[in-house]
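You will see subunit A twice below: alongside subunit B first, and alongside subunit C after that.
Then we have the complex of A and B:
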């Protein structure tokens, strides 16, 4: 190759590289287009549409712009605050008690015994049952006259008057907490178990040689190493608890006296019973902002910012 | 030449098929309940093809229909819960029928009982016609009546008689202090059930639900308090209703206790006949109208069931076929099919004379009760107000308010709604 042709090739190469890079970028864009289209069509557009909807009085033919009126009405509605309060109540219990229980069960399951294997199966079972089916089953467990729970308690002689698990304003919320935890424990236990099994055994062995007891080993080794799993479990439980709907709708419908009402049941009633979609969208937007803020705060608190 | 002639002949032969009009129809009624209506219509009208979508479950149907209206893709014709008719009228999603019923003798208003017909009205306009009837009534267990020395062929007629009977029917077979059979059953937490039950008592007590001219709800009257007080006393004072009914979820099955023989009388609808035949075939039952406050008051009921409506977005070329379908569905011959499917009661008075009912006293009783139905409240906010009333019932049942206080609160919320929307 002559010197001239070598120079020409050198001169062409950068241009060729930039073309190549451009083609690479175009190919990347084209390949991600289907996913982007799905994202825009099924997530971004509905989100923006819901935000717009929250500022109008919705009518199929011609919706009327009413500014912040839906939000003003929402924040002045006592039942919205009851629903929000209950949603926070369910979430707090599901995240705190549910996570603690899941981790405890995972520690029990993290043993090479037959009992641990059976426990894994038994605990994961609720996760594969759909929430409405589970709710129907729990209706019969909690039935005050014929329910399994009251019958068992009565046979043990623990009370004379049946406990109205779902019928009393006091008990209904706690019954829902029990079902929420029961439904959510299977998946989070298995996630914790996977996290626990990733911890090298040598760490525990050397700690034991150093004289550390089980409690010390848990806080010094296990807990720091399962922090990433804990973050995942907390985010799943937090968002999952906030959007709990099926079991409450079936078991109590939000009652009695709105004592088990959640923000989503409130939203459903406004949208699909009163057909007030503008107002329901305002509820949805507030709900979205709360969940987004909580997820972000949780990620920051646990030392990881979302990417 | 032959080729052209064959092609022309083929085109001519296929013309009727190509001209067949397609109509999309949605219904919340199950296939067993509604298919015979549509099959028979297609048989009688081979030029019209129906694409029927069965969407069982009232809420599923309403949700899907709302979504379709919002997306601008509704069906051509729909049957819909009488309670949902007002909502779709409010959304301006249904075709007004006022001119049609005036000009078409097959759809004339006078053909239908006024109560059920009223469920198709919204803001003074008619949007739907009655298709299937479902009036509230009381079912009773004849064996328990006999066991307690009551005449099963003469059920209680007045409020006092009803209370007295319910007290006699509340007893313990085992001799314990706690009854194992209760006189009556209803759940105060179900919005539709509460109005379905309370409104007949309210009307019979002389109540007026709202005053459209004054733009105000007036159900917090002496009549309202009397009706609510009467029903709540059955729970709280006379204790003839199982305590577990208070606070039971809106989705609870209110027939379970009755079917198990733990309740002598229960608030129900005509479908109870089929339900008892299926789930408790040996149980002998009777049906009675709601008892009246005095012996000379006429009993009434709430008109439930389904209406049939044409959607507003229907194209002009499909409209004649839709009208034809509507004519068939509400015709005497069409309505006779309810005797076969038993999903609802017929909405045509003429059918009461059918020999079919001579041998079916329960179905006849249900139809007679349905035909006494009161015209429902005319308001733009029925569903919301129903919820407010449910809250009032619950507050009273849990002892948090007197009927007067609870109804005043419900009326206050309802009137707030009128003020905000400017619609009575």
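Then we have the complex of A and C:
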């Protein structure tokens, strides 16, 4: 920093007209002005606005200050807790099963064959087509009467009565877990693959000469060396799962009977179906505090600030 | 062993693609074939009828144009603002730079969902709800901090000599940024640009909140709303619409796989 400023000072030569020289001296500030404006106007101000909103009963003309009433109502609402519980449920499955699956698939992808390349492409595809398209495709697969899944199960003689994958309070949550994992595995297995490719081949070769089998090599070499990547993937999945909205909103809208509800669907309903902005802002602030705590834990865990 | 692992890989890959392949298969079937049991994979009479009828019931052309405009403009603005700020952060010390950098860094911890309500009120006041510009503002805010850090890191990695000699020749800092640093940053422009465009193209939540008229909806929202058709879902049309919605992203991906994976994985690590 000090070297940079010395250099900048040395380079700051007097220029022809003083007007141009003044602008040139302010170049750093001027160049960052648009970004500063976005930061203040579109992030900081809305954030403070959201916090203020959470303490009022919102009305277009004059909002009334009601203190903590929004929060009290929120914490007393059974559906909020169902939503929070489901969010944790989805997150737990994404982090545990999703991470295990991603690592296993990355091990399969980390081979120099055509099949491995094809696997890489296939697993990454859901991340490309986006959650809304994926939700529509899965809705059709899950359709009770003509859906591919039920028809296949029936033709295999596994189920006689069609399974209501998205319409029963029991099945909806599990169907969403499947879609969440399907959508999220591409990115994390690519991250794992990058980590695996950084491991020197010599380590595996010499371990093989010493007679270690694949299982022993995985736990003695691969796993310790992949741990930094594992940490990154766990954190991404943790925070990403908390923010999941698109596929759940499109496939079930939180139903049936709030059984697949999440905290964000709850926020959407309060804000944009009931237009209870003050209350919805309180939901947002609680959500913000949870995610900020997770992000903070992330930067402490990874030993660096998020970038 | 190798053959076995290859077979397992192929089997998993095909299984993984089933929902997408089924979507494509359905999109090319005429209506009676879609609901004929037992189900079959290859359309017996392949047809484009579903595509034409989905274009008739929903203005997909409009959605396409909206997504293209919103995605393009947000990407352009993000690249411009981020490269400017990234350059200033990397090369030009000024008062308040550290604070601004810290603010940018902390802003990545704010989930945009908490900003949705105030954003909606703000955009309503500015009469920007139901316009592409409201969405563009939101997307610039959403993708800017990450882009700034990508550009800053890149400019920091460049050798200073070219810029210094340009300064000695009397070039202003704006000239150095525009004529020397920016052309050198082409790889970062590509990576950040692809990332921003694909994210904006696929974005659903903000678009759902900030648009409620056909004329301004983007593709993901228009597609999702086909679900609520009062006459029940016409699966052929919906699948044809889905195919149309994801074709551009898939083409970009197949052409620019490496940049896109790099951008997406770095984007995810930002938290």
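The rule is short, and it goes like this: the second predicted complex is superposed on the first by the 252 of 307 C-alpha atoms of A that agree within 3 Å, B and C clash if a C-alpha of one lies under 4 Å from a C-alpha of the other, contacts with A are read in each partner's own complex, and residues count from 1 in each chain.
The rule we apply is simple: a contact is a pair of C-beta atoms (placed from the backbone, for glycine too) under 8 Å apart; a residue touches a chain by one contact, two chains touch by 3 or more.
Please read all numbers here as calculations on a predicted model, not as lab measurements.
Participant: So in the superposed three-chain picture, is A:129 touching just subunit B, just subunit C, both, or none of them (first/second/both/neither)?
Facilitator: second
Participant: In the overlaid three-chain picture, which partner chain does A:26 touch, first (subunit B) or second (subunit C), both, or neither?
Facilitator: A:26 sits against subunit C, while subunit B stays out of touch.
Participant: State whether A:181 touches subunit B only (first), subunit C only (second), both chains, or neither.
Facilitator: Neither partner.
Participant: Looking at A:111, would you say it contacts subunit B, subunit C, both, or neither? Reply first, second, both or neither.
Facilitator: After superposing on A, A:111 lies in contact with subunit C but is clear of subunit B.
Participant: First (subunit B), second (subunit C), both or neither: which does A:277 touch?
Facilitator: both
Participant: State whether subunit B or subunit C is in contact with more residues of subunit A in the superposed arrangement.
Facilitator: Here the partner covering more residues of subunit A is C.
Participant: Report for A:166: first if it touches subunit B alone, second if subunit C alone, otherwise both or neither.
Facilitator: In the superposed model, A:166 contacts subunit B only, not subunit C.
Participant: So in the superposed three-chain picture, is A:36 touching just subunit B, just subunit C, both, or none of them (first/second/both/neither)?
Facilitator: The answer is second: A:36 touches subunit C but not subunit B.
Participant: Determine, under the contact definition given at the top, whether A:298 touches first (subunit B), second (subunit C), both, or neither.
Facilitator: second
Participant: Looking at the overlay, does A:250 come into contact with subunit B only (first), subunit C only (second), both, or neither?
Facilitator: A:250: touches subunit B and subunit C.
Participant: Considering each complex separately, which residues of subunit A are in contact with subunit B in the first and with subunit C in the second?
Facilitator: Residues common to the subunit A contacts of subunit C and of subunit B are 143, 249-250, 272, 277, listed in rising order.
Participant: Could you pull out which subunit A residues touch subunit C in their complex?
Facilitator: Subunit A reaches subunit C through residues 1, 4-5, 7-8, 11, 13, 15, 20, 23-24, 26-29, 31-32, 34-36, 38-39, 42-47, 49-50, 53, 105, 108-109, 111, 113-116, 118-119, 121-141, 143, 146, 148, 151-152, 155, 182, 187, 190-191, 194, 232, 235-236, 239-240, 243, 245-246, 249-250, 264, 267-268, 271-272, 277, 280-281, 284-285, 287-288, 291-292, 295-296, 298-299, 305-307.
Participant: Which subunit B residues qualify as touching subunit A in the complex?
Facilitator: Interface residues on subunit B, with respect to subunit A: 59, 62-63, 66, 69-70, 72, 87, 90-93, 189, 242-244, 246-251, 257, 383-384, 387, 391, 394-395, 398, 400, 420.
Participant: For the complex, which residues does subunit C have touching subunit A?
Facilitator: 2, 5-10, 12-14, 16-20, 22-23, 26, 34-35, 37-39, 80-82, 84-85, 87-89, 91-97, 100, 103-105, 107-111, 113-122, 137-138, 140-141, 144-145, 148-149, 153, 160, 164, 167-168, 170, 172-174, 177, 198, 201-202, 204-205, 208-209, 220-221, 223-224, 226-227, 233, 235, 238-239, 241-242, 245-246, 249-250, 253, 260-261, 264-265, 268-271
Participant: How about subunit A: which of its residues touch subunit B in the complex?
Facilitator: Residues in contact with subunit B: 58-61, 73, 143-145, 162, 164, 166-169, 172, 249-253, 255-258, 269, 272-275, 277.
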